[in-house]
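In the two assemblies presented below, subunit A is common to both, partnered first by subunit B and then by subunit C.
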Partner chain A sequence: MFHRESGVFKTTYRADMALYPLPIAKWTVGVLALIFIVIVPLTVHEYYLSILNLIFIAIVGALGLNILVGYTGQISIGHAAFMSVGAYTAANLAVRLGLPFWITLPAGGMMAAVIGVIVGMPSLRIKGLYLAIATLAGQLIIEWTINHVPAISGGAQASIQVERPSLFGVSFNTQGHLYFFLLFFAVLAIVATLNLVRSRIGRAFVAVRDQDIAAEIIGIDIYRYKLMAFAISSFYAGVCGVLYTYYFGIANYEQFQLIVSIDYLAMIIIGGLGSVLGSILGAVFVTLLPIVIRILMENIGSLFFTGAEMANVISGLRLGVFGGLIIFFLIVEPEGLNRLWRNIRSYFRVWPFSY
Partner chain B sequence: MTKFVRSWLGIAATTATLAFGGGQALAQKELVFGLQCDRTGPTATVGVNLCPGYHDYIALVNSKGGVEGFKIKVLEVDNEYKVPPAMEAHERFKKEGAVLEGLFGTASTMALTKKLEEDKILGTSPGFGTASAADGKRFPYTFPIAASYWSQAGAAVAFAKERLGGNLKGKKIAYLFYDNPAGKEPLPILEDLAKSEGFEMRTFAVPAPGVEMGAQILDITGRFKPDFIITHLFGRSPSVSIKELKGKGFPLSKVVAFVWGSAEADIIAAGGMAVAEGYNGIQFAGVGKDFQVIKDIEAMYKAQGKPVPKELDSTVYYNRGVFIAAMHTEAVRNAIKVKGGAAPTSEEVKKGMEAIKGFTLGGLVPPMEITAADHEGGGWVQIWTVKGGKLVRDKDWFQGYREIIKKHLAAEASKS
Partner chain C sequence: MSEDLGFLFALLLNGVSIGLMYSLIALGFVLVYKATDAINFAQGEFVMLAGLIVAMMLSFEGMPLAVAVIVTLAVMIGFGFGLERVVLRPLLGRPVVAVIMATIGLAAVLRGLGPVIFGSETRAVSLPIGDEPIVLGPASLPPIQVAGAVVAIAFFLAFSWFFKKSRMGVAMRAVADNQQVAQAMGINVERYFALAWAMAGVVSALGGIVWGSMLGVDVHLALVGLKVFPVVILGGLDSIGGALVGGLIIGIVESLAAGYLDPYVGGGTKDFAPYVLMILVLMIRPYGIFGKRKIERV
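Let's look at the complex of A and B:
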């Protein structure tokens, strides 16, 4: 990731597609692992861990959406609904049957995948904006169903409290514990996606995205792969919903409304469609930016405004700056933060002999 | 010892006390309150008036020397009515050592319930969260401190009964509600009361975002023809309901709205006070400017040479902000008194909140009594009616069908 080579020396497809393009990449991963597993949890205040926790959950959701929208080219604005399917499946299993998280979590993902395939069926006949509307319908139907079926929602309040996840008798009930819990699943999701996109399935997804008729002609069963993309993407969303449920200790459908789907779309568009690093950067950017703007304003703003006025100014300014920065980044690099990062890297690849 | 030496010794001693003892005391004498707010999200209409009320009351307390000598510092985080930022806000408050926090939003109240309990920081959620949060034994660190939707439902029926001549037998009541968990929450209470009071109740759900309810209103006024309407709507929808009911010629004096549909903003958006003549709203904090504390806040602004902010005119939400701030400071005051003047911990502040009794702030706060078991404080409400271009108090603090609410709370508690 941070390494650079002086040129392109790859001679085989195998080398080109390797997870670690250079031996030094293994060291980079090792250093990152050391930072996130040892250094960060030991040195950082719990507050910053809680922000990282939110980012980890967002990364899982953003990766899932990027598989569908970025890699396969199927627009979905029902992502949050699939999260709620996962959340309620896991919450019901955990509360009614008392199952541990390592069963409820994949079960939530699987259930979301099944529902995702059903909602994804219109993708076999329509694409683009039409598909967006179909998935929007899916979002609204799922929201309505959860709201009106007490068997799913657990009563009029449509919320189910779950216990903290525990493993070998250790309950993950502090931000520090939850950090490791969520880090594990975020890393798992990242590695799984990296491998998925360089597999046969991943290449089929990209072929479907680039030109589905051409893909069909070269022998890709586009129905199968489109539905598979919906299933995999929804699985990630379901897992993301389960993680939210365990993180907050409650499944509540108001956490998964349409606006959340839009937030996740924003993450992958800002981060970069069709890239794993882009999903991560997008999740970090969208989660962190409002917080950074607020902390900056609290420190600088006190020069200009008094306490009570500031609260109003921060809120307004945060929205304005957030929107402005998104526009700025997308003008500078329409393909997102990931492309920006790659541009920087390729500049330094030949630096200082850039001619 | 000469007089000269003695006086110098005295000065030296005083200086030393001021420098060391006094300095220490100054450094400690600050308490941090966390306030979550929504100034930009879907409930921004509430937040932009409620939160300034909170800040102004705290500023007033600080200008008078603070609570028992402690200055209060308020940290505000705008959570946009979203859950993840609410969690971040809570962790931030915890990091800064907040002794309590004000929550904002039903979903975030529910998402933080567990965390508050684990971190032992009390959170107040007036008008948010579930009715069962009133049960302090089940939810030790969540404090609704205001009438829940169940209590409001009881009060609404009691008010209808009074307006309809003291007997509901054979009468028809329509319940018009926003189709979300909060909207559906009062249903068990209303169904129970319909049985015991002998009235016929029918429910009319308004789907989100609640700006289109022509069909429901037509159904109510044209087909069901009720004697009374209870509405429970949020955001833009209360003003739409006023407009639609007015358009169909239903007398607004036979309509009563829950707490989020009874602010000046809702009535003005419906076409102004003149249009909504007779409209009734339930309130959990006093309305209007006729309170000593509001006059004090105005005086504070005048003393600083600043104009009085326009938020004060939106008295329903502004006063609720003042109400929340007053409850927070009162809880802290109780905790400091128990500790004999030392800075309280968040657990002691919780005990202080549970000791609030007979604190009325000149009528702005209901005569509530918060105990370890009852975090709602009794579910007191007032009814304010639009009369002659302004909101007029129609019914002073009362509790509606308290026994029935208590029965339901006990049933909820036995379920878990």
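Let's look at the complex of A and C:
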């Protein structure tokens, strides 16, 4: 049926937690699947496919961070470090042992999860500010270790070249092929997260976030769930790092510096903390923003800056605009783009009547 | 043997002077945390901003140093007030995590737009103190480190007087201790919040001048701010004396690590050892040496 309900008519918890809240949701998913599997790859130019590919990778990472920060309320400034752990694990396995992606990808994720749990250990004793500082230290220590241990980083420039993934003899070495490869994992991550947050584990995460003491009293093992959140979040980050590695064909620590952690924090704050759709919107927004800034600056900015300055100006503006948006959304709309989307939707849900 | 001791002495001396300069920056962080319970992840970017301003002022022909310093101080005070008003006040009463993320955003803004506005090349801040190293027995120190250490000590003396004796300082301690009671006693709490940020601006201005003339001013100056965290965690987040002691310890640890470990691992332990120490402190004694034992353990 092609209609939405005009109010909230759910009477059971089961209905409230269903994966498809309404019959129309199945149709929406079907249409989206048609668009993304058939229409987009046939019609869209290679350059735009490459942007979509970056968005898919970012979605995986943003979902992971949102599970930790948005759902469980544990702040982490070390997300990029977990990505680098996944990336270098997969790169080493792929190059030294010649393993295919369907082994290196989960292996990278698992390794990141293990490291994530170790870095998350302090969260058992401390929270808030102290945890932020501990994860910051984790980021800097991991960055330093990868950079200074040639056994991990492959020596020169701390980067490892990796072959593109292949399956049944087909190598994913064009943007079009990579599109399907990355789309598969982005969808997998989205569905997994949707199911996670409506399960017992997801509800326990939210309970820990909202009132940790109350959560403990109603029988939630806080330590277990906090560490689990770190593990799951880092697993996503590790997979995200592996995807970056396969996408660029190289594992390089410069892609996983502190600034990338801030990019991902920006994604989930701008998109909306504690929401799957928010992670997706944030990933799209934050990936597109630098491209828009670059196009704008190339057209308008050339009036003010010379060509040599331009690269610096663009990267500076990009960072500055991210920071400004983080502050803006925190002050004005803490629930992010997701909330704006919901406002628009609920306006049209009862349109043309205002209530 | 005496050569080894001389090496150790040189490392310790270097560590102490660098440590004092770290504690100068950490002081800005502690002041804000003590008075307003807000965590400033942009402390390093404050320092960078001050460095950029003073470098720009000095680049004008015939600009006396005193004028440049005064202008920098004025701008940083104004920046502190404005920041409190625009960013921090709307976030009052929101979770700690929101304030942390807002200051991370602020750090990104300053680090991104600083080079766009002031230019991205590395500038020198030359102070009229020469660069002939000062020799002390087997060790020698660049004069800028000595100047930095002297400025840091002067500031610590000034702030301990301020908090112990002056009316404003006592009011600020009252605000830090209990906001509601302070308000009931007729203290304008919001004004003192703004004052704390302005004081962080003053400290950062001095830090920017000292560190800027040592390292040169560009975006990388902000990285000094990352060293603030080991210092304040070690000393205790809300303790001014802790900032001093923490700075000294981190400075010495860093210097010793660079002197004794670098030859074995190929350099860079300076940027590594402080964080390992910090993680250990977080695990064993998260409130630091002098901090209040107000950690929530859940």
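The definition used in the following text is that the second predicted complex is superposed on the first by the 310 of 355 C-alpha atoms of A that agree within 3 Å, B and C clash if a C-alpha of one lies under 4 Å from a C-alpha of the other, contacts with A are read in each partner's own complex, and residues count from 1 in each chain.
Just so it is clear, a residue touches a chain if its C-beta (ideal position, glycine included) is under 8 Å from a C-beta of that chain, and two chains touch if they have at least 3 such contacts.
Just so it is clear, the model here is predicted, and its values are computed rather than measured.
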Touch check for A:G316: first (subunit B), second (subunit C), both, or neither?
-> both
Which partner does A:S50 reach: the first (subunit B), the second (subunit C), both, or neither?
-> first
Contacts of A:I327 with subunit B and subunit C, given as first, second, both or neither | second
A:N252 contacts which: subunit B (first), subunit C (second), both, neither?
-> first
Using the touch definition from the top, say if A:R342 reaches subunit B (first), subunit C (second), both or neither.
-> neither
Based on the superposed arrangement, let me know which partner A:R198 touches: subunit B (first), subunit C (second), both, or neither?
-> neither
Residue overlap on subunit A between the subunit B interface and the subunit C interface 147, 312, 315-316, 318-319
What does subunit C use to touch subunit A in their complex?
-> 39, 41, 87, 90-91, 94-98, 100-102, 104-116, 120, 226, 229-230, 233, 237, 265-266, 268, 271-272, 275-276, 278-279, 282-283, 286, 295-298
In their shared complex, at which residues does subunit A touch subunit C?
-> 69, 73, 75, 77, 121-122, 125-130, 132-134, 136-138, 140-141, 144, 147-148, 212-213, 216, 222, 262, 265-266, 269, 309, 312-313, 315-327, 330-331, 334
Report the residues of subunit A in contact with subunit B in the complex, numbered from low to high.
-> 45-47, 50-51, 54, 57-58, 147, 153, 156-159, 161, 164, 173-175, 244, 247-250, 252-255, 259-260, 287, 290-291, 294, 307-308, 311-312, 314-316, 318-319
Contact set on subunit B toward subunit A in their complex = 37, 39-40, 48, 51-52, 55-56, 59, 74, 76-78, 82-85, 87-88, 91-92, 94-95, 106-107, 110-115, 118, 130, 179-181, 184-185, 187-188
